[in-house]
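As structure tokens, here come the structures.
Presented sequentially are two complexes of chain A, the first with chain B as partner and the second with chain C.
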Partner chain A sequence: MLKANNKVLVTISAIVLFFLIAPLIMVIITAFGTDATIAFPIHGFTLHWFANVFAQPDFVAGFKMSLIIALAASLLALVIGVPLVYALTRYNVHHQAWFQTLFLSPTFIPEIVIGFALYQGLVITVQLPLLLTLLIGHFLLCLPYVVRLVTASMVLMDEHIEEAAWVYGSSRLKAFLTVTIPNIRASLVAAFMLCFINSFNNIPISLFLNGPDLSMLPTAILNYLQNNYDPTVSAISVLLMLFTAAMMLLVEKGLGLKALNEM
Partner chain B sequence: MAELEIRDLEMSYDKHHQILKDLNLQIKDGELVSILGPSGCGKTTTLRIIAGLLPQTGGQVLVDGTDVSKLPVHKRQFGMVFQSYALFPHLTVFDNVAFGLKQRKVAKAEIQKQVSEILTITGLDALAKRFPAELSGGQQQRVSLARALVVNPRLLLLDEPLSNLDAKLRVSMREEIRRLQQRLQMTAMFVTHDQEECFAISDRVAVMNQGKIEQFDTPQNIYRAPKTVFVARFIGYENFLPVTSAQQGQYQVQGDTFQAAAAVPDATALTIRPDRIQLVTEPGANTVGGQVKSSTYLGNAYRYVVQTALGELKVDQVGFDRLADQTSVQLHLPQEALLALQA
Partner chain C sequence: MKNRSAFLLLLPGVLAICLFLFFPLLQTIWPTLGGSGYSHFLHSGYNRNVLGRTLLIAVITTALALGLGLPLALWIARQKASVKSLLSVVILFPILTNAVVRNFTWIIILGKDGVLNKVLLGLHLTQHPVTLLYTNAAIVIGSVYLFLPIMVTSLIGSVDELNIEVEEAAAVLGAKPWTTLTKVIIPQLTTGILTGSILVFAGAMTAYTTPQLLGGNRHLVMSTLIYQQAMTLGDWNQASVVAVVLIIMTVIVMGLMRLVTRWLDRRPANA
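The block that comes next holds the complex of A and B.
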């Protein structure tokens, strides 16, 4: 075991923390600067850039769309992924390992390729609506997180627990809902969080699947940055940090962050 | 409370490999029957089929004369105690025990009363509000038992319930199971690989080997008169003499003739307990000569390994001074202690 006062460890930790936190602090500071371009250190203090965030229709619409897609894709991944994992871990499915790999495969393919393939295959060739394709793309992004996390907790959970529920009068469906789900709750929460954050942050897939009426927040920020180098981007970054922190707080208050640490 | 009958039960996972073959078994009302056998003999498979957790490939499971084979597990109204306890981790002890009654839509006040009662009987009152993770293994198994007893099951199934407990707890827990089973007059089936455990609590024991019941009788009869080589070996007999031919209680063992307790026409081996072999001075009937090969002090006796013309025999002798290795001895195998076994 390493001692807590190990010098190498402390030094490396300090370096990591510095590179992680220092840029964030700089972003926060620049969000309040009065200069017309992002500058550090700042000269003067203003909240103008925060107001400007809400004056950008792309940002407001993008935030709403990203939120909707992230929520929908995460929930869809859970609704489809959990029964899938249940079948794979509780029934004698042929080619079980093959299926596991299949459902994890979106992780192995570069997201930019998935985005392009969906655009080419579904939007251009099959003429599927853009919004639906976008949702499919984000669902594919989310599914591996659900499969990985829920498989782990299903394997850890003693299957005799479900059998006991059946023996004592629960039908299979009722046992799944009242016994299995509460006992894999931690992994469901963790999977939802990871899905949501990854979908909400995603650029590569969204990049191919946006249009005049369909803009996601990360791509909107990217677009904005190409034309303007002003602190509005810093301001929206600060808002996103607050949003993520609020989400984590909500999960901790509502379900206990213990749930995440258990994973 | 009910009678159980298993008729010509067959089980195969892959059509080629038979796990169970023509299994027949009857358990009377209020009787505790054990299935005893080594791992892989099919005993747990049998129990799971009776519970409804596995569909059999042939044969019937009858409860009070009605075939329950088609009845789904949650409608069978059995109780089951699992080796891993299988308590619901997200429920308190009280709610774990109340689970079955809630599924049966029993009134709340009635649930409260019955659960409290069973918690008192099983000595769990003080733990009612705890969660399974906060209990010791013995306490968890007690909860598992309480959960099974409270629903007043038609049949109580116990799947190696004691094998995860330490030796001391195992003894007290098996006495507890026996006490409660008798007090509540439950028909019970107990699966185990532990001979001592199963003899201690069972009314009757079915010794199982490779998907077949080799002997089904009271513990006393099985111990006194095992029928087959497998049963004898499994319950601790160690001396086996291969029989070449058998006629009216006379058995040929490598040219020598022996007389055994009973006439078994198709006997393939004779067996005798080490402590029933007598050291004699003169050769005679049912007697074989040999040389002491080694000896071990057992506390109350010496265990000798004697090399004879019929093979090695283990002999326990109380009260003698230790015989030196290479000592020539005559071993008398008394007719009433020499048992003839089928293959």
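The block that comes next holds the complex of A and C.
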């Protein structure tokens, strides 16, 4: 029997956990060093690099842009995704599996290819504005999360509750808004959070879709990193980790983190 | 009437996918057909190298993530509920943290003046700094770091369903831990192992940030090759060819995953 205190199992697990955590802790430490380049162990202590993060216009503008795009793309994915999931789970749609695959199809295409194709097909050929195309790309990234999570909870929800509302004279729309939505609320929030985090963190889709006045935070950091090697990147890493932790805390308070494991 | 509502509810989604995904993809794929793009791609030894590197990195990354992730998943599943939820936070945190941040940590560790080189020099294991960054190995390490948590999450689902009594039975019958692992535990985890492996494989094969930051310009993979062909060399047609080859590779991997899961679902429970 393989026990929890099996020496080999414990040793490997400890090493793997160290491998997962230690690098992140090390980055946090390097953000406070006084040397002009990243050094570990650090010398001295300063908060200068955090101030320097906010002195980078690309980072500040990128953060705002990433926030806006992530919010807009997540909402758009819900607005388009929830009705189609409703149709697929509550109506007798022909070729249901085929539709399901269609709506999950963005996951079959490598993200960098989506960004590349959108740039070629929409920006160059159709002359769509860059910002709109960026939003479309992030919407494509988000839609499959909505389809998967909301479908799962619509299937689990008892259809009879909705039917009861219709019997008592409620319209289909009113029943959906007042009965169905509250019942699938948890999956809607979880889908929104997953969309938001993944859009906010995404690089490959935004890669081709940036211009002189349009840069997302991750691509801005990537650009900065290609020309500089100073603890500013460590400092913004710390801020991004705090951001992740805040998001996790928010989900934990609302739903429990298990909701995010259903990716 | 009923069909009409369903149609109206599905319409925005269908239109969005067709106009915003299929139309741009066709715009990318169409010009590459008929020309000499593909034969040109496959005849170049450089490109075949990139293709091979991409696949090799994906294979090694998947194997390492599985080898490291399985023991951790087994160990986590055997902990008390409180420890378990703490550990699941530790696993989830990296998944939700920006990939730039996670790759950046390895620049600090593997760089010429990096942490690892300082340790090696300090222990007199080497006289001169070793080139660790901007190598294939660096891409593999970064990819394992990036995808290991996803492997562990996929495995924990299956590990939680394991029936501990079967292991006890094996122990009573005299099986050593290693035999229990290979003959009793792993066969019950096929679904989790396959799902995790294919997720990691597809992810590692198409990732951009890791090879870009840790591989440098001399160790290109398919995704960084697309970017280089398009943005640095301005050869959009060749970039499209590389993109199509990468799509085909992904579709094959994802198709394989569907086949395997379907096959596992049909398999009788006691097989």
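The rule is short, and it goes like this: the second predicted complex is superposed on the first by the 235 of 263 C-alpha atoms of A that agree within 3 Å, B and C clash if a C-alpha of one lies under 4 Å from a C-alpha of the other, contacts with A are read in each partner's own complex, and residues count from 1 in each chain.
Operating definition for what follows: a contact is a pair of C-beta atoms (placed from the backbone, for glycine too) under 8 Å apart; a residue touches a chain by one contact, two chains touch by 3 or more.
On a predicted model such as this, the values are computed, not experimentally measured, just so you know.
Peer 1: Based on the shared chain A superposition, would you classify chain B and chain C as clashing or fitting together?
Peer 2: Fit - chain B and chain C, as placed by superposing on chain A, sit side by side.
Peer 1: Have a look at where A:179 lands relative to chain B and chain C in the superposition and call it first, second, both or neither.
Peer 2: Only chain B; A:179 stays clear of chain C.
Peer 1: Regarding the shared-chain residue A:142, is it in contact with chain B (first), chain C (second), both, or neither?
Peer 2: Touch partners of A:142: none, neither chain B nor chain C.
Peer 1: Just to be sure I read the superposition right, which of the two partners does A:165 touch: chain B = first, chain C = second, or both, or neither?
Peer 2: first
Peer 1: In the overlay, answer first, second, both or neither for which of chain B and chain C A:73 touches.
Peer 2: neither
Peer 1: Which partner does A:134 reach: the first (chain B), the second (chain C), both, or neither?
Peer 2: Neither chain B nor chain C is touched by A:134.
Peer 1: Examine A:244 and indicate which partner it touches, taking first as chain B and second as chain C; both and neither are also allowed.
Peer 2: second
Peer 1: Using the touch criterion from the header, give the chain among chain B and chain C with more contacted residues in chain A.
Peer 2: Ranking chain B and chain C by residues of chain A touched puts C first.
Peer 1: Give me, in Å and rounded to a whole number, the least C-alpha distance separating chain B from chain C in the superposition.
Peer 2: When the complexes share the chain A frame, the smallest chain B-chain C C-alpha distance is 10 Å.
Peer 1: Following superposition on chain A, which residues of chain A contact chain B and also contact chain C?
Peer 2: Looking at chain A, the two contact sets intersect at 172.
Peer 1: Going by the contact rule at the top, pick out the chain A residues touching chain C in the complex.
Peer 2: Residues 1-4, 6, 8-10, 12-13, 16-17, 19-21, 23-24, 26-27, 30, 37-40, 80-81, 83-84, 86-88, 91-93, 99, 102-103, 105-114, 116-118, 120-122, 125, 136, 139-140, 143, 172, 197, 200-201, 203-204, 207-208, 218, 221-222, 225, 229, 233-234, 237, 240-241, 244-245, 247-248, 257, 260-261, 263 of chain A touch chain C in their complex.
Peer 1: Flag every residue of chain A that touches chain B in the complex, lowest number first.
Peer 2: Contact set of chain A toward chain B: 158, 160-161, 163-172, 175, 179, 182-183.
Peer 1: For chain B, which residues are in contact with chain A within the complex?
Peer 2: Contacts found on chain B: 51-53, 72-80, 82-84, 86-90, 99-100, 103-104, 147, 151.
Peer 1: Okay, in this complex, where on chain C does chain A touch?
Peer 2: 2-3, 5-6, 9-10, 12-14, 16-17, 20-21, 23-28, 68-69, 71-72, 74-76, 78-79, 85, 87-94, 96-102, 104-109, 113, 115, 118, 145, 148-149, 153, 157, 167-168, 170-171, 175, 177, 180-181, 185, 205-206, 208-209, 212-213, 223, 226-227, 230-231, 236, 239-240, 243, 246-247, 250-251, 254
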